[in-house]
Every structure is written in structure tokens, then in C-alpha cells.
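I am attaching a structure below and will ask some questions about it afterwards.
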């Protein structure tokens, strides 16, 4: 199986703070990996690093075979990142937001309509301004903008945050489908129980490095479930 | 590339039309500045008529600062700028799109302010072509340099105070040049308006090129 | 004037001590020659004496900004801390010299041109705009950011600022199309030897002052970033140690805004 994400001893400094202190992680294509660890362990930084948004101080990082140390721009169009912030424009409606991001990522209008339907944003919600949405509705809109992009790498920070139980199972379904279609998914979450149905592989971070890995490529450290 | 720029500019303008910040807040502010100039210059119509071109462009530079901050804030509010990096759109396109949106907004404010000036300061135009063309080019210069410095000052937490001190000295040639062309076009000063127009063109071209090359660098986190 | 501190945080070295010693002798000598030995000017009378400082300081402020521009370009090209520190050090001295130029020029202008400030003068206004532009540059450098982000932003602003100087100069020149500054009086060949020598001495002393300050300021800047750089090795170890002391299992607490 091809390796989609390959990090070796990566050190990342945010200003002067070493957010990652030698993280090593290999993820195969189509795999779903759950990242967990205490607050400030470096999980969100790891996602941003994989998205090619952060410079690498030491070590090597390859995403889909592209060396991020050499060129971290090339891989970016292949990344779907959902962080704490959702990347929505407050004064655009749900549909306008999704349509804008669809046009930026070269998706067609059918894909927009589909994404809106799938995320349950049809009907009245479609024309509501982003600033008037609830937190859960914002997440759904951001998720729809991600769907239209159809990225081969999904990096999701707390994908269940602010979602109701129906939304959570919907997101689980989408993640499962994406992985089945060949996408690689990194999830960061504390709600391990809800997501553990998706994957057996749980990677734990602490102090800016991977401290345990419950599977994947035979590199088991300490089983954590 | 230009198609992407247009999409980004259209998005910004759509946001502005929705939020009505330009019309409800920035436009009245420019009006207020003009009225204050009237107070400061002692209600002397002759003085106002002579200094109108300069006062006009000072007012435009002040409101341009606000419009630039708005443009940056739209992208910063919910990390849309990061999201934009994760698309195939080139940084030059983003720069041109943001500049275009700013350009259109400034142009609207300029037209509005122009009529206010005509009425309040009792000015008359002798060379409308020079007025239109020089305002157009000066605005291109303000929009491109403003977009560039807007992103330099963004994300540092002190944007509101840093932007004016960085940008206003850079805009000195535009302030002088546009004032002179207007002065010539109003028949107020004896200057070669078209030579000044040339200087404004140079400024606009220089900052468009600089922006297209360096904007991408500035979006990157180091 | 000469710093004599311990070997770990000293910014002086044998060569800077030598430069400092030169200044210790050179500055009093310049004062003596400028204010006492050199003859007064036919038209400017005693006011000419100020020019022995005003002109060299002006020249070296331009040189300093030139060095900042070169340092900025080289930083973007090589991405080395050395160039960034040079650009910063030179800009600080440039702003100081530029300020001195404006102040001495203004004092000189009062008896000679009969005004503190002349808006119609190209060099005056260009220098003022340049002064303001580089104050902005220094303000940007003071904003907290990672060393690389700070260096990159500052370099771009430094380069743009320099590109802007000729445009400003041109616009001011057309603006009033005049200058009260006289053409260089060095070229007309009518100067007395003592005057010529004082000019030379002034340029030399101010040049050495620039160099001396530049080296010291560079070393201070270097030590500052050195501290940041050395700090990160220790910070990594400290942070890696976190991993061992903690229960690595799920905490069940939703986290927000970490590492942003």
C-alpha cells in the first residue's frame, strides 16, 4: 500500500515554542487514523504541518510523495483541512460560501447541490447568512465546502465538535466513504468512543511527539484504545 | 488567473454590499472629514476652493486605510486566508482579486466625495478627462499598495496602528501627484497635470508588479 | 565608549576598540576644526560650520538605508540571519542619522534660508518621507513574531521602501521644481585647504561612527537571536520530557484553540 503521510522526526517551531519535537508518523493511503493526547500535545500543529502550512525546522515530511521541506505549496490543493475555525465569510449565505469555495477548488454546480443536500443544509438554511448560523450549522457548512473539494487527504480537527448525534453519525459516514474511496484521513479528537468505530488505529501525542501507536505498519508501541 | 481574481473580487464586493459598512459608516465618515476641513479653514470659500484637491485626497487616503483594514479583516475573521492557501488558486490571483475589490470600493467613495466637494467647496472642473483618468490611476496605486501593506500588517495583532505608519509615507507620491493633477484640472494651479498623471501610472504599475511577486511570500507562515 | 564586559556577552572586539579609539580622537578633532580652525564662509558665515556634520550625516544615512536594502535582498535570497541582522542594525543607525540630518539642517536653515523648514525643497521633503518610511520599518520589526516571519516581512518592506525613494524624490522635485540646496561647493575648486580638510575629516569621522555603531548594533542583534536560537534546543528537551510525566490516555476534555 502506498504511504500517503510520512513524517520523520519532525520539529516545528511556532514563534519560539517547539510545538512538535520530533514527531514520526506513517499513514497509508485510505487509512483512518485517530490522533489524541492532552491539551497542547501538538495535535493541531501536526494537522497544519501535514497541510503544508507550517515550515519544518528539522526532520522530513512527505505528503503524497511530495517533500514539504522542498516545496510545501505543491501539496496544498490536495488537502482538506477543517480546523477550529471554519473559513466562512460572515456576510455570505450558506450557499454562497459553499459556492465560493467550490469555485476556488474547481467544483461544478452539481457538486455544490449534492454537498448541500448531504449536509442537510437545503431548504431555508441555504439562504441564511453565516453569521446567523449556530455553531453546529457552521460546522456543517464548512464540511460541505470540504466535500466539494474532494481532497485525497482529509485533516479534521474535532470533526464532531458542536454537532448533534445525527450530525456526528453523518460525519462518520462521510469519513468512512471517503476512506473507502481512497482518501487518507487524520482525525483529532477527545471523543475517542464516537470515532473508534471508524478505525482501530489510535495514535497518541504528548510533548510534541508520538508516544504510542496502536497499529499500522507494524510499528505498535503501546496499545491505547 | 484573471477568472480567479474576479471570483475573489466579486466575493469581497458581495460581502461589502451585504454588510453595508462602506455606505453606512465609511461614506458618512468621509463626509464628516470634508465638513471638518470646512470648519478648520474658517468658512473661507476662496481658501477651500484653492485647497480642495489636497483636502480631497487626504480624505481619500484616510478612508482608504479603513477600507484596507476591512478587506484584511474579512479574510482574518474565520481563517479564510488559510483556507484559500489550500486551493489551486495562485497568490497573484488573490492579490489582484483583493486589489480589484478595494479599487471598486474606493472608486465609489471617490465619486461620492467628489460631488460633496463640488458642492461644499464650490469647485469647478476645467478638464474632466484628466480628473477621471488621474483618479482612476491613483486609485489603482492606492488599491495595490494598500492590499500589499494590508497583508504585511495583518496577523500581527497591532494592525490598526501599524498600517498607517507603514502605508502613508509610501503613498506620499500619490498624495502629491493626485493633488497636482486635480489642481491642474480645476484650473487652480499652474502644473503639468499630464506629467503628474505619468507619475501616478508609474506608481500604479510598480506596486501591481511588486504585489504580484511578493504577496504569496507574505501569505506564508514562517 | 569602549565596552569592556565579559567574553560571553561582549559586543566589542579588538577592531571595534580601535575604531572607538579613533572616534575618541576624531570627534574632538572634528569639533576643533569645524568650529575653530576652519575659516567662515563668505555668504553663510559661521553657519557653514554646521555643514561639516550635516552633510556627512546625510550621506551616511543614505548609505545606511542602502545597506538595509542590500541586506534585505540578500536575506530573501540566502535566508541567513547574518543579512537580516545587518539590515536591522543599519536601518536603526540610518534612522538616527536621518533624524540628525533633519535637525541639523533645520538649525542651519534658520539663519541661512531664514526658515526652519522649506516645503519646496526636494531633498528636505524626500529625506523626511524616507525618515518616516524607515520609522515604519523599525516599528514593524518591534512587532512580536517568529524570527523568520519578522525577517521576511521586514525585508520586503525594506526593499519596497527603497524602491519608493526615487518615486518620492521625483514627485517632490516636480512638486515645487526647486531646491534651496546649493550645488556641491566641493567641485568649484575655490575652497581653502583647511576647509577641504575639515570636509574630509567630517566625512571620515562620521563614516567611522557609522561603522562602529553598525558593528556593535549587529553584535547585539546577533546575540539576541542567538539566545532565541539556543533557547529552542533546551525547549525541545523540556517539552519532550512532558511526554513521560503524563498519562497519555484520553482525557475526555474537549480542547479549544490550542497552538493557534
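Labels for the chains are A, B and C, by order of writing; each one numbers its residues from 1.
Going forward, a residue touches a chain if its C-beta (ideal position, glycine included) is under 8 Å from a C-beta of that chain, and two chains touch if they have at least 3 such contacts.
If you're wondering where the values come from, they're calculated on a predicted model, not measured in any experiment.
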Query - Chain located farthest away, centre of subunit C as origin (C-alpha) - result: A
**Report entry** Per-chain CA centroid nearest to the all-protein CA mean
**Finding:** B
**Report entry** Between subunit C and subunit A, distance of the C-alpha-averaged centres to the nearest whole Å
**Finding:** 47
**Report entry** Whole-Å gap between the CA centroids of subunit B and subunit C
**Finding:** 31
Query raised in the report: When the C-alpha atoms of subunit A and subunit B are each averaged to a single point, how far apart are the two points in Å?
Result: 38
Report task. Could you list which residues of subunit C touch at least two other chains? Result -> 144-146, 148
Report summary line: So subunit A residues touching two or more other chains come to 55
Report task. Please list all residues of subunit B that touch 2 or more other chains. Result -> 220-222
Query raised in the report: Across the complex, what residues on subunit C touch subunit A?
Result: 144-146, 148, 228, 231-232, 235-236, 239-244, 246, 248-260
Requested in this report: Under the touch definition given earlier, write down the residues of subunit A that touch subunit C in their complex.
Outcome: 11, 13-19, 21-22, 36-40, 42-45, 48, 55, 57, 84, 158, 161, 190-192, 204, 206-209, 211-212, 222, 224
Query raised in the report: Can you list the residues on subunit B that touch subunit C in the complex?
Result: 148, 152-153, 156-158, 162, 165-166, 168-170, 172-173, 176-177, 180, 191-192, 195-196, 199, 202-203, 206, 210, 214, 217-218, 220-222
Report task. State the interface residues of subunit C toward subunit B in the complex, per the touch definition above. Result -> 76, 129-130, 132-133, 135-136, 139-140, 143-146, 148-149, 151-153, 156-157, 160-161, 163-164, 167-168, 170-172, 174-175
Report summary line: Listed in rising order, the residues of subunit B that touch subunit A in the complex are 4, 7, 11, 14-15, 18-19, 74, 77-80, 82-89, 220-222
